[in-house]
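Written out below as structure tokens is the structure these notes cover.
Every chain is named by a letter (A, B, C, D and E) in the order it is written, and numbering of its residues begins at 1.
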Amino acid sequence: MTELADFGVFDVLLALALLGSAWRALAAPDLFKATVLFIVFGLLMALAWARLAAPDIVLAEAAIGAGLTGALLLDAVGHLRARRRAREEDGR
Amino acid sequence: MPTPEAFDPLPWLILLPLAWATAAFALGPGRGARLAIAGLAAQLALALILAGQVLAGGARAHAVGGWGAPLGIDLMVDGLAALMLLMTAVVALPIAIYARGYFRARPKGGEWFWPLAGFLVAALDALFLAADLFNLYVTLELLGLAAVGLTAAAGDRAAVAAGLRYLLATLLGSGAYLLGVALLYGAHGSVSLTVLAPAVAADPAPAAALALALVVAGMALKTALFPFHFWLPPAHGGAASPVSALLSALVIKASFYLLLRLWLDLFAPLVSVSAAQLLGLLGAGAILWGSALALVQTRLKMLVAYSTVAQIGYLFLLFPLATGVSATAAEAAVQGGVMQALSHALAKAAMFAAAGGMIVAVGRDDIARLGGIAGRVPLTLFTFGLAGVTLMGLPPSGGFSAKWLLLMAALESGQWWWVVVMVVGGLLAAAYVFKVLRQAFPPAEPGDLVHRVPRAMEWSGFALAVGGILLGLFGAGPLALLAV
Amino acid sequence: MSLGLFYALLGGGLFALGLAGLILRPHLLAKIIGFNVMGSGAFLVLVGLGSRDGVADPVPQAMVLTGIVVAVAATALALALARRLLELSGDMVLPGERLRPGEDDDADA
Amino acid sequence: MPPEPVSLMIPDAWLPPLVVLSSFLPGIAIFFLNEARVRLRVTLNLAGALAKLALIGVMLWGVMHEHEYVFRHAVLPGVELVLKADALALLFVSLSAVLWLFTTLYAIGYLENAPNRSRFFGFFSVCVTATVGVAMAGNLFTFFLFYELLTLSTYPLVVHRGTPQAMRAGHLYLGYTLAGGALLLVGTIWLYGLAGQVDFVPGGSLAALPAETAGQLRLVFALLIAGVGVKAALVPLHGWLPQAMVAPAPVSALLHAVAVVKAGAFGIVRVVYEVYGIEFAQSLDLLTPLAVVAAITIIWGSLRALSQDDLKKRLAYSTVSQVSYIALGVALFGPVGTIGGVVHLVHQGIMKITLFFCAGNFAETLGLHKVSELDGVGRRMPWSAAAFTIGAFGMIGAPPTAGFISKWYLGLGALEAHMPWVLAVLAVSTLLNAAYFLPILHRLWFRPAPASWPHEHIPARAGWETSRLLLLPPVATAAATLAVGVFAASSLSPLDWAKLIAAREYLRWVP
Amino acid sequence: MSGSPGAGRSRIVTWAVVGLCLGLAGALAWAMLDLPAPSTRLPGQVAAQLERSGVEHPVTAVLLNFRGYDTLLEIAVLLLALLGMLAAGVAPRASAPLGASSMLAALARALAPLMVLVAGYLLWAGAFRPGGAFQAGAVLAAAGVLLRLAGFLPAWTRPGAALRMALAAGFALFLAIAALGLTEGALLRYPEPSAGALILAIESGLTFSLGLILAGLFLAGPELPRREDGGGTP
């Protein structure tokens, strides 16, 4: 049975970073920025899982939580931008 | 307990729809109708066998993987679960027959109907059989995604928006539920209902109370209880008619079932009269507000969808009528609430089926244009009327039995205010049902074409409506099963 | 306070934060991000509380793995629908909601 | 050993449901019938009506020979569907079955070549099914069930023509009756909560309840009477009835004579006699208020009838007035009043159906709808006019018609109950009846006929003033109006049956 | 949120939601700080039964044996998400979205086999250390996306029969093994000596199908709005 590491300053900093990146990802009006911040949030989550002695979740979070979800979100932002560009060109 | 040799239909109720859904997916777009109908017929037989076994041998569990709770996951069937499984099979089979005719008449949105419907039915069965909070979460998500897929399948702007709204609502609901489960796991170290129930009773920690609040909120959102009903009318009113029927008849019952089960069982030591009254108050709001909005709709299917909002309200009157009252009143209230769930399933499926038939007949979804229906598709109109009888709570119908039991519980426990709500709700239901029926009697306007409606559509809806009536005449059987 | 409990508390905060974002932000992408943050919060509570006595518990870890996959499935479906909505209506907003000024704009545009 | 009835093959318990099904099954079959299948539809209709009469005949015979016809089916825990053919039920069942036969014949003639006949006759049959169910209901639950079925099945008949006026009338009808049904439901469930399931039994069964429930029982009584009072058209719950006269004439006959208002009045009889019990109702001081309401209705209906020029509307207000004689008889505490009220259930039906048939004949044959247009019709349509005259005299209460018998017993009953003011009500009502019927008779017989009938639909042919199916039913019911009056003393008369009922209700009563 | 309220939403609603969320956070903290000692602890039970599970890594044991039923339904959820996307009527992508970029093709040729190898390792490793079907599937999915972008794989939007079979195969295999368990007396009950082999079979099937499904989630979305002058295909 895996024992958890001790509680330390690193955890507090990580928590603050998680809350901060989540806040920024949710508050940013620019959706590209929001998406990038969300990916950062995902990677920080992976660190948190590591602290919680959950290496399987670390892999899953990095590959799926941050990776795949992030890619999907970026793709959607790409759509939004392409759409706007198309609209601007039509308007011209 | 059946002998080991006896056939156990329990796991098959989940495996079978999963199997035909997967096969229908592999078969490809628009294929799989016959497979689905055969599968659902078998499922009805399985549900009947299981109900018979439960009636004879009592509740029982099935340890998946052979491990048993709390390490493994248990499936559990008791009278209530068996009833819900029966309800699912009884409603889904005619709707499948209906859908086959419907998607032949208008193929739009039917490409992936069969695999999606299969997963939906599997999710329902899995949910009704689950005895593990986290497993329930997975089934909830399975159900939610299947329902959203079906909603959005019409593919137009309104359908996609409705699907998205539905998806966000359902995800929010299951998110709240999951947090509640996390708290319970944290507090008591298990997600098995059988293990948790005594633990919660022994030490009702604040975490459990908060979990109760989260689960109630999440399920209220998923059941579209007023004022969380915003997502339901566009989703149920905008989808293809067979989809509307499945969603309104069955899907919202799943989250209600979950809430009822946890309220009566796991959270019984925690629930308070004031929480129950609050749920009842929201139910009353649903009845009045939903009915009022149904009355002002100009589109037929939106009217039926708002009727669902209203009918959900009756389900939630169960909670104040069953909490903190005498045992007889509580029993009547639970019986009434379950009866309402069953009869609404039959009646609302029939009503959406009939509405779909009428729309096919006149070619548009507009109440004002229903003139001439009475002469041209009388069976479909009759179906609508019979379903309306159940929704109005008029005898002899399942809706009437439900209302009778709920009124009985209200008078027995001296809560006359719910009596007023139910009576007014019944009259409002009559108002919106007859709003449709009276449009159908005047002759068609010149130039209005009335198309033929496939017979499979007319008769399958009619069978459901008759089911709603028969439930009223033979309600003693289901209630005997419920008592197990 | 144990490490598990600390992260569980953090999870609670993240859940509330994501919930607020999901409800308040009108843009669908922001709502989807909110849902994911909310889910991560719930997962942290599950694993954190499960290991609050200092022993890692594989059961909630497995549950969270399941949860992550479910969440990505839901996210993918939501995004596909949102993109479809964009295609049909020109916006990634549900009918009845309005973007705030500046939203869905490139900050540098 | 009592002799075996004819129904050797059928268990006694199955006869009541069979009577119900005898019109329900043909009704459903007709509903799905193609419009053009006239012959099959008529066959189904008549087969149902005759089968019902035959079954009722068996039961009448059986009840005289002390057979019990009770059917029970548990619908919910503690709630049973009970169909029971007792003396009171058979009185009403026989009335509605016989009149249904006449009305069906009349309707076949009336609706010849009209559209949507399958729908009409389908609901028509369901409507009679509901009436029979109301009559044979063995407890309040069953009564309520068929009472609401009656509401639902009559609505399509009221709006049958689909005109805006008909839709409005239907709306009003539904509003009143569904609201009434809701009151009845609450009252019923309340009573079930207090006393459990109480079957209808002679003498009632609530007297055994503890004294402190008296207040609740009074409230329940008010709910129940208000619930059935809507259909019985008690003032001020009568508003729907005059509006509903836009329906086709056979439907009016159904509403006024066979089914709807009768179901309401019958409900009052059941609630007072067989739920509460007449003595218990008296001990709760419930009878006098009921009598007052009935008296007001009698006078108010007659007054309103006076000023109506539309013939069917005048008849409708007349119904408001006449049906309350039944309620009045019930409210008179004593067996003689009971006899008057119960027998009027039958008498009013026969007389009023005659009047509506005739009004329908005037409208269908000559296109006449208003009282002021009826000048000289007696010469063009002597048979219909004669039938109308008999019916009108019956309503006024002139001997030897059925109406005389009713009023005679009601008057005696008032004296017996020491309520002399009721006599005054009866007298005033009779004067008003005369005031609104005699002018019609005057026009029919003593005013000159116009030179031509501009709206004549059905020409006189081969000595028949109108089509045969329209003429025979009113003539037959007019003859019955005279017969039940003239032969009131016979052992087969409704009066004799009413005496039997009164004797059972007052079994334990010592004056 | 950034203090400015939404344009279409009143300030009161915004602050009510913020208040609600703060209240929720507070209530959660309060509840978590006042937890009873759990009456059940599962880590011990997992460890005790690990031997019988057929794998050595506890999380994999939970995922595919003790709570394998959850995982079965979870795969259905994934398949369902893809189905939902297909049902919502996504427009088919052009056959080679990025055109015949030889660079990309070369990259894909070089990387894809490597990624398959990594996936295979993750799958195999899952039996006794972190890793397993999901992580392996994710890597495969990335390979799939790459191959698709390079034009080596057919479109997902209207998957052909072969692709549909491949997408469903992993789940179908899992389902079949679950049903096979009924001969042992319970759903998903593995005969003990072959538990490890069966789990490996399930995981292999899953890795393959999951890779396709996850790639599908990415690739089945609607087409970018295309323009005539863009570098894309017509």
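To be clear about the criterion, contacts are C-beta pairs under 8 Å (C-beta built on N, C-alpha and C of every residue); 3 or more make two chains touch, one makes a residue touch a chain.
Just so it is clear, the structure is predicted and the values come from calculations on it, not from any experiment.
Enquirer: What is the set of chains touching both chain A and chain D?
Expert: Both chain A and chain D are touched by no common chain, going by the contact rule given at the top.
Enquirer: Touching both chain B and chain E: give me those chains, sorted by label.
Expert: Correct list: C.
Enquirer: Need the central chain here, defined by C-alpha centroid distance to the all-chain C-alpha centroid.
Expert: B
Enquirer: From the centre of chain D, which chain's CA centre is farthest?
Expert: Chain centre farthest from chain D's centre: A.
Enquirer: Looking at chain pairs B-D and C-E, which one is connected by more C-beta pairs in contact?
Expert: Greater number of contacting C-beta pairs: C-E.
Enquirer: How big is the gap, in whole Å, between where the Cα atoms of chain A centre and where those of chain E centre?
Expert: So the centroids are 17 Å from each other.
Enquirer: As a quick test, compute the distance in whole Å between the mean CA positions of chain A and chain C.
Expert: Taking the average C-alpha coordinate of chain A and of chain C, the gap between them is 10 Å.
Enquirer: Distance between chain B and chain C based on Cα centroids, please, to the nearest Å.
Expert: Taking the average C-alpha coordinate of chain B and of chain C, the gap between them is 28 Å.
Enquirer: Could you grab the centroid distance between chain D and chain E? Build each centroid from C-alpha atoms only and quote it in angstrom.
Expert: Each chain's C-alpha centroid was found; their separation is 71 Å.
Enquirer: Taking each residue of chain B in turn, which ones touch at least two of the other chains?
Expert: 134, 138, 141, 145, 148-149, 152, 155, 160, 163, 179, 183, 186-187, 189
Enquirer: Do you know which chain C residues sit against two or more other chains?
Expert: Those would be 8, 13, 15, 17, 19-21, 23, 25, 43, 45, 48-49, 52, 55-56, 61-63, 65-66, 69-70, 72-74, 76-77, 79, 81-84, 100.
Enquirer: Residue numbers in chain D touching 2 or more other chains?
Expert: As it turns out, chain D has no residue touching two or more other chains.
Enquirer: So which chains actually touch one another? I want all the pairs, not just one.
Expert: A-C, A-E, B-C, B-D, B-E, C-E
Enquirer: Provide the residue numbers of chain E that touch chain C in the complex, in ascending order.
Expert: Contacts found on chain E: 1, 4, 6-9, 14, 17-18, 21-22, 24-25, 28-29, 32-33, 35, 41-43, 46, 58-59, 61-63, 66-67, 70-71, 74, 77-78, 80-82, 84-85, 88-91, 134, 214, 217-218, 220-222, 225.
Enquirer: Considering only the defined contacts, which chain B positions touch chain E in the complex?
Expert: 4, 8, 11, 14-15, 18-19, 22, 25-26, 28-29, 62-67, 70-73, 75, 109, 111-113, 115-116, 119, 122-123, 126, 134-135, 138-139, 141-142, 145-146, 148-150, 152-153, 155, 160, 163, 179, 183, 186-190, 195, 199, 202-203, 205-207, 209-210
Enquirer: Enumerate the contact residues on chain B facing chain D in the complex.
Expert: Touch list, chain B to chain D: 335, 374-375, 378-379, 382, 385, 389, 392, 394-396, 400-401, 403-405, 407-408, 411-412, 419, 423, 426-427, 430, 434, 438, 441-443, 472-476, 479.
Enquirer: Across the complex, what residues on chain C touch chain B?
Expert: Touch residues, chain C against chain B: 8, 11, 15, 19, 22-23, 28, 31, 35, 38-39, 41-43, 45-46, 48-50, 52, 60, 63, 66-67, 70, 73-74, 77-78, 81-82, 84-85, 88-89, 94-95.
Enquirer: Hey, which residues of chain A end up touching chain C in the complex?
Expert: The contact residues of chain A facing chain C are 1-7, 11, 15, 18-19, 22-23, 25-27, 29-35, 38, 41, 45, 48-49, 51-54, 56-57, 60-61, 64-65, 68-69, 72-73, 75-77, 79-81, 83-84, 87.
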